[in-house]
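To keep things simple, chains are lettered A, B, C and D as they appear, and every chain counts its residues starting from 1.
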Amino acid sequence: MFQVHVRTRINGDDTEFSCEADETLLDALRDRLGLTGAKEGCGTGDCGACSVLVDGRLVCACLMLGAEAEGCDIETVEGMADGSKLHPLQQKFLDHAALQCGVCTPGFLVAAKSLLERNDNPTEEEVRYWLAGNLCRCTGYDKIVRAVLDTAADMRKASKPKPAKAKKASAKGRVSA
Amino acid sequence: MNVQPDNKAMKRDFDIVGKRTPRPDGIDKVTGRARFGADMSMPGMLWGLVLRSPHAHAKIKRIDTSKAEKLNGVHAIVTSKDFGPCDDSLLDIRENVMAREKALYDGHAVAAVAAVSRSVARQALKLIKVDYQVLPHVTDVDEAMKPDAPVINDKLFTKGLDKTPKKPSNIAERFEFGHGEVEKGFKEADLVIERTFRTEATHQGYIEPHACVASMGADGRGEMWVCTQGHFMVRNTCAGLLGIDVSNLRVTASEIGGGFGGKTTVFIEPVALALSLKANRPVKMVMSREEVLRASGPTSSSSIDVKIGMKKDGTITAGDATLRYQGGAFPGSAVPYGAMACFAPYDLKNVRAIGWDVIANRPKQAAYRAPGAPMGAYAIESVIDELCRELKLDPIDVRLKNASSDGSKASYGPNFGVIGLKATLEAAKNHPHWKAKLGKNQGRGVACGFWFNFGGETSVSLNVNVDGTVGLSVGTPDIGGSRASIGNMAAEELGIPHDKVRCIIADTASLGYNDVTDGSRVTFASGMAAIQAARDAIGKLCERAAKIWGIPVDAVVWEKGHARPASPNAGKHEPLSLADIAAQAGATGGPIAGHCEINAEGAGVSFATHMVDSEVDPETGHVKILRYTVFQDAGKAVHPSYVEGQFQGGAVQGIGWALNEEYIYSKDGRLQNPGFLDYRIPVCSDLPMIDTVIVEVPNPGHPYGVRGVGETSIVPPLAAISNSVSDAAKVRMTRLPMSPPNVLKALGRI
Amino acid sequence: MEYFAPASTKEAVKLLGTAKGKVHVMAGGTDLLVRMKGGYTEPDAIVDIKRIAALRKIVRAGKGWRIGAAVSAAEMGEDKALKKAWPGVVEAANLIGSTQVQGRATIAGNLCNASPAADSVPAMAAVGAKAVIAGAKGTRKVAVEKLVKGPGKTTLKKSEFVESIELPEKKKRMGDAYLRFIPRTEMDIAVVGVGICLTLDAKGKCMAARVALGAVGPTVIISAKAAKALVGTTVDDAALDALARACAAEAKPIDDKRGTKEFRKHIAGVLARRAAIIARDRAKENS
Amino acid sequence: MVRVQVWGSLKPAIGGDDSVEVEGETINDLLKALSEQYPGMAEAVRRGVSVTVNGEMYANAVMVPVKPDDEVFILPKLVGG
């Protein structure tokens, strides 16, 4: 099998690896680099358990080849905490009991981080739609959504106080009830 | 043994139990460090993959593995020939993990390879040639019961009939439960409603696929790393299938990414072990999502007839139900539990439930959260709802009027002990949700549900460390925070802070046997054992204090984490903390530990009432869940956050089952939707917040009053949602899932 | 398998022409990798076009727009001007898969994957989008609905690939909309999709309309009858009813795991009605 | 003698009634006596049953004592999820 040599930066560390040309980034992270925080729940982009950030963009590591990561900056759940200091989302997930089995948790954390980096004041609906690609079978999502909303509220408090935005539910092109 | 109710303890104010403490595995799980099934690697490890039948039913004429064996990098190939004689009780499992004469369902394992990489293993699978003779198949439960249906197993003669039939069929067994005379009861009714309901098979849908690493050495000793609900079960089953002494197999439970009953048996684990045995190298196997859906253990599909009679005042005069469940290609569907549980919420004079266990060309069903109960409850609670509507009666009042209560005779036989059904109904009736206004195309439904809950074999070891901390080893995999709840109960009993107890899941070589994490038993049974182990340790701590003080041990009491003289007569001694005594353990007699090995009894049944508002789009048939409230008796909520989590998770799995989840088989008997794209579990944007009300009617069978909470929460939702949708759509729904095409059809729009 | 990441269109075309065996062009890869995982395709080579800088951009092409084939749906959603001009197309692109998939998936890939249920295709077809195809003999343009022959099949020749998608100029009193129906609220494949673009005159009467139906035939259906139901009307209830009837009649769906024929035909009408209202209101806002 | 009640489909195995009296001081005694007296019961016991004594469920603990006035019920062996 044709092997590809890939140079990347992962969680701030310059990292090189070789992988088969048709190997996913997820397999490369897990099996070549020992970064098993991202999980494979489906391998088809339907569950979000393998969520990572690539050049700041939220993606499923199972839907990207390892070879495509050449020159990319990759962030995984392993890079979220600052040493022993948890990221606020990690702490809130614990405070809100937003995990039961915990296998979807790395994906949710990375996805939620990506949301809050773009929008520090999401509505419940915005949180729910942003996280729709992350499946959780244990919690019914209730405590996860609360943890994300609570983190956002704390992060807003920590930065400069802003008047609350008037938010309208986004209809987009979805047809539901 | 049974731990006697400790009423004083139940009424007391707890220091830790009932508090929302941090979970001990929390940091690992939010930082990605927690090691799940697929996260383990071993030196020299090979990758194992399974070749699966593309046919629903086929004779396996020949398997030619010669080409695959020659492929460079392939180290072992196994087929059914590698699974020799075993105990009768394991025969079905042996055949399910590797097909023998016939492939019995789409996805049935036929052969497996171990190779140096996944890509080599994939190539090898393609080089294995299997000659199939395709046979007629049947996947539908009602079709499978017909006299002219293809017979899947010609050695299957229906059990439970007055006379065993002479001809084999797909009907494995008939079950009957009940008491009184239903026909007499129907005559006393003012209104009798009879309906037939259908539900489709669903899957537990755990996010983590089955995964394991098996390593069998040349010395005949093996180790396994497995994501499972019961590593002792994995050990005993694998050892039994491969003829290994139980003591020669050491199994460690990984962190487990959900199970819900689906990981209470084995699939790839014995195969990995067989490959490792043959290759003499560790072998890792991880199922793909497609394999999980095609070839693990989904739940039954069902077809149910219900007839219930009611008086104008709401009294149920009789209930009769016939439940038909297909449980895949082997006997053992959950139909007896469905038949036992379906009428359990009601104290009925005349009741009968008949269950038919049916086989079909589908994967062998495994347990799924209160196995068999949700479908039965769906049918019965739907008819009760319809009776209430027709007779213009309040559905909660009617349920209260007929509800089972302390001492009433259960529909399945024995008398109930102390139960909390009425308390959940009262809580529902008094909740603002019940009175909230509904809009156009919106409806509300309620339903009750019951589950037995188990105790079972449990072993716990508690070690007092030199610094006053405590190591607590339990043998029930932690599937949703049980290390927190069990550790907290031990800390409560010892009178030390919760973070001084470290609770771990010990491997099979380090602890006595434990039944699997199932039957909502872990917080109840392992908790009870942890309390007993703590009491055992306290006894020893008191002995040491007595030695240190030079007084008799019965003059020492344990209070708030300290040994104290029982009375002034015992002399004046400064209380000794657990840490004080632990520091002197070596000098006063050696290590201090507590143990408990029990077959835990007194689990105490559990009831819930669910209330749900939905909105139906009459043009598309789309159902939106607007509001949901769970009322469930937890006995005593040890860790309320995780009790709420069980309530919410069960409700949402029920929402999926009710609305969109289903196994879809095509005419050729192949599964059409083996992926999360088309096996549609609820996503975050589908749902509202799930409100919870924890009702606490203490279980006298547990020292702290605990009842299992894990399973009951999935029993009422199918019915509650169907009742809600029926209210909104103004038409009685009798088929699950209530997917848009099915709803639109029920509405008569297509 | 070999992996190539050419830096220019020219190089990509050359690779496509010379690579041996089964060669796949990869843009976002969100369909291709799923098909590889399922064993439905085993490429001998993949040509990743994301390293071609020109294909990573959204640029104005005259008064219209050119969206590079490697531009992700998320990037389209973040382009305010594009979103303002063709909200239906952008919303359709933003319905493909999850947030994660949005970060990779492209409308060119969505088109070339040639799924009958592709979300962005009816929306693009409704506004008259064109695919710009690069090949050994330079580029050619083709209407998006002409690029797909049938499920999984395109009219692309060896060494050709879609380099960009061109959207026309958004004129005054034009409005577009795309709606799809799925059983859940996210993450499903469209059971039916309807893209509509219409142009009103100064008095609010519909002068021109294009109605494109997805997932109700082997390829997207451009329905002249449905358009006719709108043209000359004020897109009132009567016109909407006629539109719904026409769409239900024009839909030629199959029964499958995602829906029955009858259901899909019915839904095509329901969605067309709802999409037309949105398109009409957008056209009014754009006057 | 202890009166033992059985689930509906076991009635034929004990002669058509829903209960039968047998001699015994533990669950084990009762199951053994039933198995010896009724071949149909032997088959059921071999495959596994749950027994309730005064409403308390015993999955496989057979040394539980029973008294003549106890309510004893034999049910299918239960599993959970």
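One rule holds for everything that comes next: contacts are C-beta pairs under 8 Å (C-beta built on N, C-alpha and C of every residue); 3 or more make two chains touch, one makes a residue touch a chain.
All values derive from a computational prediction rather than experimental measurement.
Participant: For chain B, which other chain has the most distant CA centre?
Facilitator: Looking at centroid distances, C is the chain farthest away.
Participant: Would you kindly tell me how far, in whole Å, the mean C-alpha position of chain D lies from that of chain A?
Facilitator: Distance between chain centres, rounded to whole Å: 55 Å.
Participant: Could you give the separation in Å between the centres of chain A and chain C, each centre being the mean of its C-alpha atoms?
Facilitator: Each chain reduced to its C-alpha mean, chain A and chain C end up 28 Å apart.
Participant: Taking the mean of the C-alpha atoms as each chain's centre, how many Å separate chain C from chain D?
Facilitator: Taking the mean C-alpha position of each chain, the two centres sit 67 Å apart.
Participant: Quick check on chain D: which residues sit in contact with 2+ other chains?
Facilitator: In chain D, nothing touches at least two other chains.
Participant: By residue number and range, which residues of chain B touch two or more other chains?
Facilitator: 204, 260, 288, 620, 622, 676-677, 682-683, 685
Participant: Find every residue in chain A that makes contact with two or more other chains and list them.
Facilitator: 1, 20, 22, 43-44, 46, 129, 131-134, 175-176 - these are the residues of chain A that touch more than one other chain.
Participant: Every touching chain pair, please?
Facilitator: Inter-chain contacts occur between A-B, A-C, B-C, B-D.
Participant: In the complex of these two chains, what residues of chain D are touching chain B?
Facilitator: My answer: residues 5, 7-12, 18, 52, 54-61, 64, 71, 73, 75-76, 78-81.
Participant: Using the touch rule from the top, collect the residues of chain B that touch chain C in their complex.
Facilitator: Touching chain C from chain B are residues 288, 290, 619-622, 659-660, 664, 672-673, 676-678, 680, 682-683, 685-686, 739-741, 744-745, 749-750.
Participant: Using the touch rule from the top, collect the residues of chain B that touch chain A in their complex.
Facilitator: 20, 22-23, 25-27, 29-36, 38-39, 41, 118-119, 204-209, 255-260, 286, 288-289, 441, 479-481, 615-617, 620, 622-624, 641-642, 644-646, 648-649, 651-653, 675-677, 681-685, 687, 689-690
Participant: State the interface residues of chain C toward chain B in the complex, per the touch definition above.
Facilitator: 37-38, 181, 183-189, 191, 256-260, 262-263, 266-267, 270
Participant: List the residues on chain C that touch chain A in their complex, please.
Facilitator: So the residues of chain C touching chain A come out as 1-3, 5, 26, 28-30, 33-34, 36-38, 43, 46, 48, 50, 72, 74, 88, 91-92, 94-95, 97-101, 103-104, 177-182, 185-187, 271, 274.
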